[in-house]
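Note that the chains are named A, B, C, D and E in the order they appear, and that numbering of residues resets to 1 at the start of each chain.
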Amino acid sequence: MSASKEIKSGDVLLELDGIQMSFGRVCALDGISIKIKKGEIHSVIGPNGAGKTVMMNCISGLYNPQKGSIHYKGERINHLKPHDRAKLGIARTFQKVEVFGGMTVLDNIRLGRHIHYKSGILSGAVYLGKTAKEEMEHRKFIEEEIIDLLEIEHIRDKPVGMLPYGLQKRVELGRAIALEPELLILDEPLAGLNIEEVEDMARFILDINQEKRWKITCLLVEHDMGVVMDISDNVYVLNFGNMIVDGTPEAVQKNPVVIKAYLGEEDLYATRK
Amino acid sequence: ATISVGALNDMTGATSDVGRDYALGIAEAIHYVNDTGGINGKQIKLHQFDYGYRVPEALTKYKLFQRLGVVAVLGWGTGDTEALSPTVTKDKMPYVSASYSGHLTDPKKTPYNLFFASDYSTNARAALTAWFDKKWPKHKDYGKRKPRFASSYMFASPYASAPIKAIKDQAGILGFDIGPDQDVSLFAIDTKSQNLALKNFKPDVVWHGNTTMSVSATLRDAYSLDLGADHIIDNWGYDENLPKLAAKAAEGAMGPAVCAFFGEKVPGMDKVVAYAKKYNPGIPANKRLIRTVQAWADVLILREALMRADKAGKLDGESILKLGFETMNNFEIGLGAPPVTFTATDHRVTSVVPVYEIKNGKFQLVEKVDLKGRWPEKWAKEWMGW
Amino acid sequence: MSTGEPILKINNIEVKYHEVILVIKGFSIEVPNGGIVALLGANGAGKSTTLKAISGLLNHEDGKVTDGSIEFMGVRIDRMKAEKIAKMGIVQVIEGRKVFEHLTVEENLKVGAHMRKKNGRDIKDSLEMVYHYFPRLREKRTETAGFISGGEQQMTVVGRALMTTPKLILLDEPSMGLAPLLIHEIFDIVTRLNKEENISILLVEQNAKLALSIAPYAYVMENGRVVMDDTSEKLRENPDIKDFYLGLTDVGGRKNFRDVKHYKRRKRWIT
Amino acid sequence: MELFFMTITTGVMVGGIYALIALGWVLIYKCSGVLNLAMGELTLIGAYVSLAFYSMGVPFIPALLLSLAVGFILGILTERIFLDKLIGEPVLTVIMVTVGLSFFFKGIVELIWSTDTRVFEPPVFPLEPFRFGPIVVGQVYLWSFVAAIILLVIFVCFFKYTRWGLAMQATADDEMAALSIGISARFVYAAAWAIAFMAAGVGGTLLGNINGLNISVGYMGLLVLPAVVLGGLNSVPGAIVGGIAIGVMQNLCGAYLDQYFPGAVKEIAPFAFMAIFLLFKPYGLWGWERIERV
Amino acid sequence: MATTFLPCGVYHENYKQDQAWWQTKFIKSKMFLLFISLFFIIPWISDTYWLSIANLIGYTVLGALGVQLLIGFCGQVTLGHAAFLAVGAYVSTLLVLEFPWPALLVEWGLAYPLSILISAIAAGFWCVLFGLPSARVKGFYLILTTMAAQFITVDFVITQYVSQIGGRGQAFSLPPGTIKVGPWVIDSDIKVYYMMIVLVILCVVGLVNLLRSRVGRAWVAIRDNDISAEVMGINIIKYKLLAFFVAGFIGGIAGAVWISNLAAISPEHFPWFLSLWLVGVVLIGGAGSIHGTIFGSIFMVVVMELLQMAVIPLADTYPKLLVDFLFIKESAFGLAICVFLIFEPNGLAYRWWQAKNYFNLWPFSY
């Protein structure tokens, strides 16, 4: 993270320009361009199979788009591998939870901080001095900043694989923010949660976006319109790989194309009311 | 009082085709020794183990022998015998093995390794010489060109590779063209590619250094691929099973025998046959092999050495070697084995090797080759210990 | 509620994972023949575990029903093997979008018809039905299921369950990750299956509002126990349910997520 | 040149037998995701059983059929006794059980038939070779090849045109999901083991006819693993192509490479080659790729 | 199964305590007892036979640790680990026998310890070489490349070439007195035992430490979910190769140490069977658990020994048994593995974990 330059809030943090990605015959993204400003929450919505996840994968480096460029803080990052992009400060969560099932919650979050640890293999094997000290410092950070925030004290020593789905999602969020990213991609963080947990999760997202400690820019993919419309600064609507609308939540809600393709006629906040 | 003797045998490993019969022979021969008065009245307690032809297993079993307090070991394979040889020398443990490796015949290096037979290198030289004497003159190309020789054996097996240097040396002496070696595993049953490679060289005679199992497979493939060469086979690949397994493909194959075949009419054979029947009645006589006889011969020289040392009053390793083995001079064990001579400077027992040929599934003597007689100088110095 | 004997009766069961982790205790519910029953509850309450206990898949995760009994149409099934239970007519839609990743979408659906007596036309019709409900799947039918989008996988899984002709479907969060438009579709399908084919349904769903709208009766679970069960109308009126499962404020309107209070607001039922 | 053609022909012929054994691997992998490391021993058992019948005086074809029946029964038994209880356990554990089984079977075979080479007596196929111009082919090889190909066709059809084909693939993909829609994993596994046992048995019998039979036939069972990997662990046509390719390669290496790297090149070459090949095609020619989609 | 529940009434007041190795007094004293018994009681009460078994267990632990790391912690299936033990053993043997050590080093008994280090590094790199395909090859396809490691290294390079060095045929002899550590000539089981136990402890502690630090977490993450590990900033190729290096390194130590117990070393010490055996140790002990490795080693070695012990006295009455002994041993052993895994598919460590939780939660479990 230190290598990249600091940018002010309000500047463009991430820019996609004309991204095109197809798999064989399927064109999953067709010339998508977006600009995300630092400090905001942007959301991507669209029907199933519209290409939202593919877009996130392009940003985090799991897919390489055939056309178009990705700029992060003004630098082109198309050629970077996923782990290098993580070092630049891009973190993400996944649509189906992708936690490390065999590790404890604490270890999962520690792993999120991987890039901030310094100790190597030799000092690790000896585990005295530097490594021990370092472990302790990070532990403090994790406990005070993340576990407290996400309210998962009671499960910190349990293997994540045994936790219920909702908590796994929360751990995944914890792991992602442990990286102290500047850009956080959230792929359906609310799926499978009940209303109470949705409220909690929405709160967390707002917190990490707004609190001085974090100030993380968020890119959110969600089907839960209530949350999307309430918390985002800007909404993109994808359909079959095309960007059909892009604007403020209010504008998007009223757009007839969006209503027809995605939201459905009868009521706007279909999921929860 | 009893005397403990250890025996390491292969009843299940890569050489079990010949090893099992040998193991039975060892046990029967020890019974015979005990029945006929033991070692000056002391009975022998035999600790016999199967080690599956695996060096590591042999090492562990050797440790076990030490704990059991054996005075001598009846060993088996070349790999393990050679691996143990420095330890055996240090421990002063007489080690009578079924490995007739030439490397073990130099008392300066391996004083405690002993066996009753002509060594592999001598056998190989003799077999090649016999082919050169008897078969090559009958060949249609005789006199027109040099004969071509190739060998086929398991490179990685110390047993199979032991005589290779010697036989190539002999081929050089006799004026052969030497072709590429072929690697055939001791367990091989598919040797097509080796035979095809040989076919490319068109050898007149091929040396087979393995045991019966893989030799028979190689002969069969040579036959079905129409190789058209003669075969000479090392002692441990040349026994009563070969014509059974390879059938027609074994016709004409030549090889050395270090003693009489099972049941042949030679002095002492009646005992061998009788004990085989008595202790292993389940195995019919026509399934027993020359290996039993070889086992008897090894046991009998050990008995002789133990008796001589015991008479002299000491049964430790050094006396068994110095007062036992090294006092034998043209000692006759019968069983068609050569008279045995060990000296303090030479542990090669004999230089005369009978070479046989398979005719209609039966063994026929071709020639008795006397290497010392033919190449006395080389025998005395150059050929010692390899 | 419909008449007659309940098709499924769970009697005071206790479930343990790895022989030491107790997750369900003293749990009883009933599913009436031809009815829909919803099972609500917070994360980790043990809803999925309950469904797995019924379908016998629990064994597969080293879990066990250690006490109580489960009866299906009068037969005890809590000791049976999963495939036997499936043969008796219980099909579960597992959570987590478990498609057969390497098969194509259409093959996935066809595998669903495995238990049916071979009848080509019949299977074709069912395929048509699934494609009718999920037109998106028709477009994707030759794609490898592992590569389609999350929502499409969810459709595939639900579609696959429709292809079986069960007596009882255990649905674990069918609406998860589906676009708003489709969620209604799914619930329509569920009601139609229930009405037209007379399939009983045990529904686990986080979207309490929708679940209560199609299921006449519901149970609320917490910590491996049933803490409340009643008809849907009654539950909808219950202030706790309103607050925690329907997200309604006291005034009745929807609250803005930006206004959610910061302090810990979780309410625990006394168990 | 003659050497070259002869090497290729023998390679193809032996390859046919390898393909049969490879098919056994593939079947078991295809429906349970398990690498059956006991495959070599299945080959061994099949071969010895038919040899035993043959030595009792049963003619060759009935002896082979009898051994197929025995293989079928043994397959079912093995599955029922050992593998049935492991449904749902980690795949690696199941693989280790197949390793245990391989020791067990091997020990039993050695106990019954000991370690010597045995031959089919009287020979089933005459020792005299066929000659096609300069090319000489052992009769055994030719007939084995023909038999192998016929059997392969039968197996392939069976899997293509019965409804269990799909069910097997589904089970391999996700056992839990397969169970949840009522596919009997037990049945699938039992069928796969029975068929693998039979395929291996035929392969072993044919191998045994070439130069006789000893426990190194079991090693051949292992040697076909590169063939399986070449085709892709779960591709039936892949097993066939792989088997033949490996047969050819082995013979080519034996005939040509051996001069430069003396020693057991023939046995090593397929493994070395495949280790490199996998770098370019990590899932063999037609194997299922791991789906890495998040 | 990493979690354990603390006994009732035990709480941690700070993170340091929570991350410490031995969290309660009770565990500390247990460890102390273990230490005492390993260093004093066991050598004191056992005769050479039992010591040699203890050595075999130690060797198995060392050999299996690398396999455990690869299979249990990094998710890379390996079926060729014996190759790396072989590299370790051969490099150190060659160094001891053929390398022109300065007389001083030999005198101080440093030649052998140094050769252990060098051979461990060599084995580590050799392991990395065969780990390279893991960058692309996943799952069971990796089995093939590791098997290739076994066959190429042991059956080809070592058997055909290395073991022919110096015209030795097959086995390198290490007659008694060749191996010297400091002032001690390693020539008895008890000396081997002490050397072994020190190395086992060092390796186990080192590995455990690694596993709770940055590198080890990265490994486990790769095992559990390599895609998300990559997205979290882990260079998976680098860490996989690192795992192969460490596994090979420990394997190299195992091989190099083992030669001190042997009179000769041959390729047959490292057959494919040994690779399978090591995997068996890991699975029987429980994948993903270090103490599982130790349990597994003890179990496997003891089962083998018991089979052996059962047969030798019986052989007096049934001589036939001795002939068929290896077969019987082999099949009984195979059967033992099968039966064990059928009843305990998750290994001994899992049972241990269950029991521990049971007692920790007892008597107020719920």
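In the analysis below, a contact is a pair of C-beta atoms (placed from the backbone, for glycine too) under 8 Å apart; a residue touches a chain by one contact, two chains touch by 3 or more.
Computed from a prediction, not measured in an experiment: that's the story for all the values here.
> Name, by label, each chain that touches both members of the pair chain A and chain E.
Intersection of chain A and chain E contact lists gives C, D.
> Could you compare the number of C-beta pairs in contact for C-E with that for B-E and name the larger?
Pair with the higher count of C-beta contacts: B-E.
> What whole-number Å value describes the gap between the mean CA coordinates of chain B and chain C?
Distance between chain centres, rounded to whole Å: 77 Å.
> Can you work out the whole-Å distance between the CA centroids of chain A and chain C?
28
> Roughly how far is chain A from chain D, going centre to centre by Cα mean, in whole Å?
A distance of 48 Å separates the two centres.
> Give the residues of chain D touching no fewer than two other chains, as numbers and ranges.
As it turns out, chain D has residues touching two or more other chains at 110, 262-265, 267, 292, 294.
> Using the touch rule from the top of the page, what residues of chain A touch 2 or more other chains?
53, 62, 94-96, 98
> Pull out every residue in chain E that's touching 2 or more other chains.
159-160, 227-228, 326-327, 346
> For this entry, which pairs of chains touch?
Every pair of chains meeting the touch criterion: A-C, A-D, A-E, B-D, B-E, C-D, C-E, D-E.
> Taking the complex as given, what residues does chain B use to touch chain D?
12-13, 16-17, 20, 155-156, 180-183, 185, 187-194, 196-197, 199-200, 212-213, 216-217, 220-221, 223-226, 241, 245, 247-249
> Touching residues of chain E toward chain B in the complex: what are they?
Those residues of chain E that touch chain B are 48-49, 52, 159-160, 163, 168-173, 175-176, 262-264, 266-269, 319, 322-323, 325-327.
> Over in the complex, which chain D residues touch chain C? Could you list them?
Result: residues 87-88, 163, 166-167, 169-170, 173-186, 288, 291, 293 of chain D touch chain C.
> In their complex, what parts of chain D are in touch with chain E?
Those residues of chain D that touch chain E are 29, 35, 37, 82, 85-86, 89-90, 92-93, 96-97, 99-108, 110-111, 225-226, 229, 233, 261-265, 267-268, 271-272, 274-275, 278-279, 282-284, 287, 290, 292, 294.
> Provide the residue numbers of chain D that touch chain B in the complex, in ascending order.
Chain D reaches chain B through residues 3, 6-7, 10, 14, 110, 114-117, 119, 123, 127-129, 136, 138-140, 207, 210-217, 219-220, 250-255, 258-259, 262-267.
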